[in-house]
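The following pair of complexes shares a single chain, chain A, combined with chain B in the former and chain C in the latter.
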Partner chain A sequence: MKKVYINSVASITPQKTFDNSEFLDEVIIHDNQVVSAVEPVYKDYIPPAAARRMAKGIKMGVVASKIALQEAGLENVDAIITGTGMGCLRDSEKFLSGIIDNNEQFLTPTSFIQSTHNTVGGQIALELQCKGYNFTYVHGSNSFESTLLDAKLQLELNEAENILIGGVDELADHTTKLHELIHHIKKEDITTNTLLGSKTKGSIFGEGANFFVLSNKEQESSYAEVVSVKMYNTLPLNDVVQTTLSFLKENNLTTKDLDAVVLGNNGDVEFDRFYNELTSDIFSNTQQVCYKHLIGEFNTASPFGVWIASKILKTQTLPDILKLNNKGTSSFKHILLYNQYRGENHSFTLLKTC
Partner chain B sequence: MEALKQELKENIIEQLNLEDMTVADIADDDMLFGDGLALDSIDALELIVMLDKNYGIKLTDPKEGRTIFESINTMAAYIQEHRSK
Partner chain C sequence: MSKGVAITGMGIISAIGNNVAENFQSLVEGKKGISRISKIDTIHKDDIMVGEIAYTNSELEQLLGISSVNNYSRTGLIGALAAKEAVSNAGIKDMNAYKTGLISATSVGGMDMTEKYYYNYLENDTNHRYIESHHAGDSTQKIAEQLGIDKSLVTTISTACSSAANAIMLGARLIKSGQLDRVIVGGSDCMSKFTINGFKTLMILSDTYNTPFDENRKGLNLGEAAAFLVLESDAIIKAENKTVLGYVKGYGNANDAFHQTASSDHGDGATLAMEKALEVANLTVKDIDYINAHGTATGNNDLSEGRAIIRVFGNTPPEFSSTKAYTGHTLAAAGAIEAVYSVLALQNNVIYPNLNFKTQMKEFNITPQLKLKEKKLKTVMSNSFGFGGNCSTVIFSKEQ
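Let's turn to the complex of A and B:
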């Protein structure tokens, strides 16, 4: 079986991450519960005629895919695999509001056409004129990890050479209000700096698009090797430690072999317990890294963790803003990522330096 | 008639998300499809719904659209003659 490499990365998030020459050099401190993505100048990447029907999520996805391809030095790929938790929410809300507001009359086609979950994957394929395998996974907070696993299997078996994968989700007003009502979003104001120490329920919500070119051919620009990825729909709190150790063992590693662990803590006192099980036990002596305080929670926030881990492995640096503890680690070879959302859809991803 | 043309241009820009255009960019006799504004078939559906919603005009024969949607002038003339609201 062939090895799988991350040959390029691209990220659009509530931080200024779309410039690949930087690694969180400048951090935006957000002080509200809903944080919007910092957007690049879309016109630099998408012709106005094509962009006019695209909502924010589609634009973010298309631009992130173009940045990823550019960095990989590719004009096309063999496959496009996209993950999204909620799909094109803004157009869905627009279409559904139109039905209600106009008493089921006068329904226009654009928002309906653009509202499907696979719109981003489709638009990327149209832009690239890519007629290869095109698939969209919609699986809550495991949506991106599903794309990673699919791409990994195809590349290992040499069914493809270069695959574009990514995760994208956008904020939309009505859905955000619903999450506020059910307290998935915190009631109180909180800042980027205080979120992870929060003792209340809920998190802050964000949005973004993170895309990567995966390949079974290593190149000079490669960031990391994707060693393994495993997902669980449900995982009892008491099993997290043992499951993590088993995952490491399957990859012939122990906790001592890990140079950092990237965790999906989002400041929700109810569900950060899953991470605390690990940080207070088997990873108490490991460098702990968190990222959701910078970008908020959303179903495809976890690929930003992959972006972070890839950057750490390539640059061998770890910005202070990401450190949950400080172990003074200066050399990074193996990084484990663990993520879950509200106690469901757990994922373990293991990356290794090239 | 001039007010209607102005209203049509504003609605077209808003409904069809012609973000880079202003009312001044659309001449009354510009071709809406093809060489002019380069609108497409999805835009045609949006315009049909707009006629129904804003002016109470139901186009039952899609072929009619070809002549009605030729320009702002043709649209305004058709609306003025057939509008029910």
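Let's turn to the complex of A and C:
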């Protein structure tokens, strides 16, 4: 079986992350429960007329895919695999409110067409004229990890050489309001600096697109090797430690071999307990890294964790803003990522230096 | 690594029946499930015809034994019922005896409840529990729970009308690569105002019975359905001496890269998908005994697909037919519905008629199978295409 490498990264999030020459050089301290993406200049990547027709999620996805291909030095890929938890929400809301507000009359097809979950994957294929394998996964907080698993399978068996994968989700007003109603979004004001220590329910919500070129050929631009990825639809709180240890064991590692652990803490007192199981126990002596205080929670926030881990492994640096504890670790070889959302769809991803 | 991917159980619910037996009976009797819409109040009710599942939500809840205060979308309800039939058909007693996963497909997800309570949510909290069931992965999580699949690989695919074919494909790959020993694959989509109005604005809804591959076809009828198949590895089949209904022999996925919704004139993506599937199956066109076509009865699909079939098979392809005239177009579920029909065709050596066909299309000379035909079938090909240029083909065989 062939090894699988992350050959390029591209990230558009509520931080300025789209410039690959930087690694969180400047950090925006958000003080809102809903945080929007910092967008690149789209017309540098897509014709303005085309960009005007695209909702934000599509634009973020298409542009992130272009940045990823550029850095990998590729004109095209063998497959495109996209993950999105909520799909093209803005167009869905637009079409649905049109149906309700005007009693099913005066509707136009554009927002319906763009509301389909696979719009971003389809648009990227159109842009690249890529006729290869094209999948879209829509499974909550495991949407992106599904793309990772799928690509890894194909690359290991040499069914493809270069695969573009990514996760994208956009904020939309009505859905945000609904998530405020059910307190998935925090009621009280909170900031980037206070989120992780918060003792209340809910999180802050964000949006973004994080894309990567995965390949079974290592090259100059490579960031990391994807050693393993595993998903669980459910995982009881008291099984988290054991499951983590077995995952490490399957990869012939122990906790001592890990130089950092990247966790999906989002400041929700109800569900951060899953991470606390690890940080207070087997990872108490490991460098702990968090990222959702910078970009908010969304179904495809976890690929930003992969972006972080990739950057750490390639640059061998760890910005202070990401540290949950401080172990003074200065060299990074193995990084484990663990994520879940509201106690469901857990994932473990293991990366290592090339 | 498992060489074969065996199908050991199937479950289905559609406009032509609430289980596998009822669906098969309707297929051979030429009984279609298309009617005026009764379960959704829409201003288009006199302009469209649909394929509705007979059960109401509360009947489905009772069948599943879940309390009436739940947060299942209709997609989740019909999906759970079909998946349970598949698992029971496969004779699975202990779900955890093997590494088991669930791959489902949907495009509508929980939209049926969202469109019902969209503004109501803001006014009072009576129905707030449904907010969380909007996203596409929710129905899959519920189906997993109903089947007792926990701490497992569970995911959802949404590639519009090719979704469930892709779920079957991923399931087969997970078994072949040894990631899973057993995987339940399929799809579920319920009827919604959202899709009715969406397809209405695209002007591809027929105001009468849909007529696949007919010169005067007027568009599709929307349908709602769910179907699941149980796929198992060679090792399980051997260890448990299981009855095999058929095999997933080949699969191909390609993108048309032509237009967000329309298929290319000559079916580039469809051609690629069929060719890839033959390659994976290690078969030639001569080995295919029947093609269950996507055949949605839209002007664009049937022309593009017909041309692609000719590109792959030449001017004398094997018998082909679309079963959309029976069920309507069941969107993300279609690939699983037609997978069940393909396996039933193999088991019973029968080709279903392409109903409602009257006039030969003028662009080519191939004609779908018009009457029920008994024929010894070894291999069946099933096509599913969708928005976003997604083209998928799965090949099913009687023998490994």
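Points worth noting:
Here, the second predicted complex is superposed on the first by the 354 of 354 C-alpha atoms of A that agree within 3 Å, B and C clash if a C-alpha of one lies under 4 Å from a C-alpha of the other, contacts with A are read in each partner's own complex, and residues count from 1 in each chain.
Simple rule for what comes next: a residue touches a chain if its C-beta (ideal position, glycine included) is under 8 Å from a C-beta of that chain, and two chains touch if they have at least 3 such contacts.
A quick note: this is a predicted structure, and the numbers were derived from the prediction, not measured.
Of the two partner chains placed around the shared chain by superposition, neither chain B nor chain C is touched by A:I58.
Of the two partner chains placed by superposition, only chain B is touched by A:A49; chain C is not.
When the two structures are aligned on the shared chain, A:L214 is found in touch with neither chain B nor chain C.
Residue by residue along chain A, chain B and chain C are tallied for touches, and C comes out ahead. Of the two partner chains, chain B is the only one that A:N102 touches; chain C does not reach it. When the shared chain is aligned, chain C comes close enough to touch A:E344, but chain B does not.
Under the contact criterion defined above, the residues of chain A that touch both chain B in one complex and chain C in the other are 105, 107-109, 113.
Chain A makes touch with chain C in their complex at residues 80, 85-87, 92, 95-97, 99-100, 103-105, 107-109, 112-119, 121-123, 125-126, 128-140, 142-143, 146, 149-150, 153, 156-157, 174-175, 177-179, 181-182, 230-235, 239, 243, 299, 344-345. Looking at the complex, you find that chain A touches chain B at residues 48-49, 51-53, 102, 105-110, 113. Here chain B touches chain A in the complex through residues 15-20, 38, 42, 45-46, 49, 52-53, going by the rule given at the top. Interface residues of chain C facing chain A in the complex, by the touch rule stated above, are 42-44, 102, 106-107, 109, 111, 114-115, 118-119, 121-122, 125, 128, 131-132, 134-138, 140-141, 144, 149-160, 166, 170, 173-174, 177, 179, 193-194, 197-198, 200-202, 253-261, 268-269, 272, 386-390.
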